[in-house]
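Look for chain A in each of the two complexes below; its partner is chain B in the first and chain C in the second.
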Partner chain A sequence: MAEKNRKIEQSIVGHKHWFIEAIIRLVQEKHLATFGAIIILLMGFVAIFGDLIAPYGMNETHFEAVLQPPGASWLLGTDSLGRDILSRCIIGTRITLFVGLGATALVAMIAVSIGIVSGYIGGRFDIFLQRFVDAWMCLPPLIILLIMSAILGPSMLNAIVAIGVLLGIPDSRIVRSQVLMVKEEQYVQAAVACGCNDLQVIIMHIVPNVVPTAIIVATMEFGYCILIEATISFLGFGVPPPYPTWGGMLGGTSLYHMTSAPWLSVWPGLLLAAAVFGANMFGDGIRDILDPQLRGSGSARSALKAARIKGIFWRLKTILKKKEN
Partner chain B sequence: MKNRMPGLRFSPKESSRTKLGREKPINRKRRILHVKDLKTYFYGTEGITKAVDGISYEINEGEIVGLVGESGCGKSVSGLSLLRLIPNPPGRIVGGELIFESVYLLRISEKQMRALRGNKIAMIFQEPMTSLNPSLTIGRQISEALELHQNMSKKAAWRESIRLLELVRLPNAEQRADDYPHQLSGGMRQRVMIAMALSCKPRLLIADEPTTALDVTIQAQLLEELKGLSTRFGTAVLLITHNLGIIARYAQRVNVMYAGRIVEAAKVEDLYTAPRHPYTIQLIASVPRLDRSDRTKLSTIEGAPPPLFNLPKGCAFHPRCSYAINKCREERPKFLSVGKDHYVACWVDMEKGK
Partner chain C sequence: MRAYVIKRLLILIPTILILSMLAFSIIRLIPGSAVELMLEEHGYAENIAELKHVLGLDKPIFTQYIDWLWRALHADLGVSLWSKLSIIQLGWAAFLVTFELSVLALFFSIFFGIPLGVFSAVRQDTIVDYLARSVAIASLSAPTFWLGTLCVVFFSIYLKWTPPPILTSFFHDPLTNLSQYIIPSVILGLVFAGSTMRMSRTMMLEVMRQDYIRTAWAKGLREGIIVSRHAMRNALIPVISVIGINFPKLLGGAVVVESIFNLPGIGRLALNSLNNRDYPLVSGIVLFLGVIVVFVNLIVDISYSYLDPKIRYR
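Up next is the complex of A and B:
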């Protein structure tokens, strides 16, 4: 018993910071989540060193080799302009991850700021703000996204803003509920009794206790952000050409060669699936470790999210069918 | 344990810089806090809850004054009222006067009040388990108040917080300052809370059941510590508790509260040797005693305290009082002197005395 206690003590003292401790626990306990994290890290590596790895330039056209199937010289084949799919996928990783990360950061920022303001101030202000959030959640996400993309115009930054706002506002609910809980803790009262004003209480006591929640929100939405980016790129509102994105590669001319040259859409589709799978697994693992209490309600939330993703796929399918007709 | 009080210098001449609401200087013992007819009500759906209904007392420099009573008699609310921390919407301080070192606390602005909180008036909360932020190291949390009120740099505040942790005799203070609250035991956490409360050398310390959540040996250690610090630095302490034993040992004067009012106020010796209010008498009788070997049943006070939103007419204690006379049911007893520094609010005792 004593030894066990000492072990616990050592493990606590050994890795002081909760963040490092969480990562160690993730690797030790959550193998699937670690696998997801490895996928994401690999993609991050590919994104950073893409120029060195890619065998061809992203916009290098080889008209002598149009629509080549995967083979020795074109590992993943070529598209209708004779561009190497592998190179485009590699460069596309960069944009996908950049938009994904940027949008995720924006989601976390918007969720945290709205959640804290709404939860901490409370009262009538909270009620009004939450009705706005309600209204926002009622609107179909794809419609909001298309409207925002149409207004902002196609660019990488606009895609980030559109995704960030779309997801950040509903996610402020999660942060708000955490703030409501922390606000009633005695240490907050103790801080007020210490002479802290509201801003100091928020910075010193509310924010540090909301950070794990924000991390959970961010990791859980990361996969969704990538997916939405692909969706709007597919629909032509995302990052404009000539930059390759997975979503853009799925759409465009690939649609006309679905049956004759399926590799045009299979590879980016597989990559997208891998990225979303990795992000979701990592997100779930991190959530289980950072907030075990959320696990129960989390499953309901994942179900909801799965339904949301299914909905998007269903919409994609119908769009595809229409285009084919 | 050499050099146990570094950095803590209390000058008795130090007075509040606030210009507002000055009172005439007092010649007698230096008075830190004067509570005059304080009334804190909560406006709920069942009606007005008179949690604190006109209580008055004083606390002098270096003195520990006890505030005892059953659960729900308004002890904690009266403590929070001193810091103006009553949650408003439901609650409000509706009357009375709080004079802290010649500052009228109920008349100054919220900003001026914030400058006093933690700085001149500090508070120790009941639950050491929940009074510390789990996501910050304890050193950081003590530094917070120092940076806030003493304009210390981060480094100086950190050094000072380690000194404070040594002052409250937290073992291995230097290493412990880097710990998170979950790594400390309850007693250690309460030591941290005391260090935090003492960080700005307050003139008044409100200790709201500081040891209720701790076991008896730790209780004694901490209260000894608190008493030592109080006499050494001249800090006035308001000790809120329901434990009569603690009061007997550590306080100099006691106020007994019942249903939002003070029913008896006396020096500790007088209260325990010659209690005058029937409630106090029964309260003391209900304490188990080691020096009595008779195997009699422990006496209890019949009934339960009345709901504060629906107090009985007259004396609030009369439904449970065996001495009650007709006058008790009709008129609220006056708070009158029955001896030197001994005040009682009871008709029966008055009648007997006459």
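Up next is the complex of A and C:
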């Protein structure tokens, strides 16, 4: 009896127009998450058009104006080499978002691959792989990251790889538990009974079910990736000197100058806090929406709205096609 | 209960073995260019062949690993290249500092985060709730190194305070010792205070909706008794597991706080040894911290199963 009445809530991924529906629900219901998304989008805008917005070059030194307080010509002040802090912060947005997004994508890819392989194959291979993941989770994260940066060498790509590998392996557990659930479903067993080989089953059934989990993992780790990239830049590892990073601007020799020029310590950290805040809020909101949904009028209404918007696009497309003909 | 403990201990052994392999492989993974760098910058040996012999890279890898593991089991992790001191000695002295820092940070995050989270849940959607949630989210997002830097900069400007160069031992003079640790541990604990607060608020909200709480209200019990005697016990169990999961992050995050506040902890030791390319010491520190985290996780798991009967009887 309990089996019959049990409602298994599915994620909205897989519904028609789920992407648009997710965005509509985010804007309608989760205001803090929308605010976070706007912050990230704004930073993305600054990152792309940074060269046009920044008043000075990122490494343009002005030795006559060293350690100037915020003022008319230097909106956020200058540092010990006379470089404009505002311009460096603006170009630094590019590094932060690039490494953050790149590392997050790598985290999702690694988590999904290891999770699917481990969960699908199962047996002793799975047990051994999970012990490896256990051991990896026990390693001190920051120290391992510094070691990987020291071994791989300082470069942006190496930073992305190091952060991605470090955070991706523990997250494979989340994906693996989802894969284990999907493996027991009847349609998967039916596919196997029909004679599908492993690859077909994985591509047809497991990957689509793992996509919402992967999205949730990615949005969860985005804020942490940004934070950890800034931390290793602060400590002197990570993205090397020509590019200004927010973490690097706070670290290195700046500490010595900061006691006489406190404005050096404020702005990069504030921008970092705002970025991480935005990423975390957005991630929370998306996670609430993409996780198994509670049935309610909210979801039905937004599904209808999504269908309407999609319908408008479709009609526009047909009109344009007719005009071409 | 006993079966659960035995099962957990058995799982421990392969985990520690794999951990030792990972820590050991750090030395093996150094690229040749970095070995040359060690020779040029620090002159740890006469030539590359001798340096490889000192690092133990010239023997077959399996022999190396067994030798290293055997010595490690006898508490001999080798000697640091930079300071020629025993790694265990260096590591233990530094670990005590980091341990005190982490424990104080944990205390701060528990005593600050849990009451705030519980109060915020009980007074949901009031001004206090919104304020508390904002503070929690802000402390989650602000980078530790930024807060530490701001602290040092503004305290030195306005309060004429700088991080003390020498630490007094706890057994020597507890009060001075605590006063030296308090600011770094608050900064370190702030992030975890935020996440503990959010976690306990979520769990408290879930528990307060349960039927047995409604029965308690119906019986006419006071709010204080309901919250403390009925709700909190069940709500805080997952919080303990979150604390256990956060402990390795605490140990790792101490690197930043220690380098800003000049504490001779194991994080700063690892940083300095990386800058000195002292890879045997780095490898030893990783193994040391890894084993400690494994045992902390074991203790957390066992206490979790003790507190939550549903797990005990699985």
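Heads up, the rule we're going with is that the second predicted complex is superposed on the first by the 276 of 325 C-alpha atoms of A that agree within 3 Å, B and C clash if a C-alpha of one lies under 4 Å from a C-alpha of the other, contacts with A are read in each partner's own complex, and residues count from 1 in each chain.
One rule holds for everything that comes next: contacts are C-beta pairs under 8 Å (C-beta built on N, C-alpha and C of every residue); 3 or more make two chains touch, one makes a residue touch a chain.
All figures in this text were calculated on a predicted structure; none of them were measured in a lab.
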Does the chain A-based superposition show chain B and chain C clashing or fitting?
fit
Determine, under the contact definition given at the top, whether A:C138 touches first (chain B), second (chain C), both, or neither.
second
Would you sort A:P241 into first (chain B), second (chain C), both or neither based on which partner it touches?
neither
Based on the superposed arrangement, let me know which partner A:P69 touches: chain B (first), chain C (second), both, or neither?
neither
Regarding the shared-chain residue A:G269, is it in contact with chain B (first), chain C (second), both, or neither?
second
Touch check for A:A191: first (chain B), second (chain C), both, or neither?
first
In the overlay, work out which of chain B or chain C sits against more residues of chain A.
C
Superposed on chain A, how close does chain B come to chain C by Cα atoms? Whole Å, please.
17
Chain B - residues contacting chain A, complex:
83, 85, 114-119, 122-123, 125, 127, 130-136, 144-145, 148-149, 178, 183, 193, 196
Using the touch definition from the top, list the residues of chain A that touch chain B in their complex.
9, 12-13, 16, 18, 185-187, 189-197, 200, 204-205, 208-209, 211
Within the complex, chain C is touched by chain A residues 128, 131-132, 134-144, 146-147, 150-151, 153, 223, 227, 230-231, 234-236, 247, 250-251, 255, 258-259, 262, 265-266, 268-269, 272-274, 276-277, 280-281
Which residues of chain C touch chain A once you look at their complex with the stated criterion?
11, 14-16, 18-19, 22, 26, 29-31, 34, 137-138, 140-147, 149-150, 152-154, 156-157, 248-249, 251-253, 255-256, 259-260, 267, 270-271, 274-275, 277, 282, 285-286, 289-290, 293-294, 297
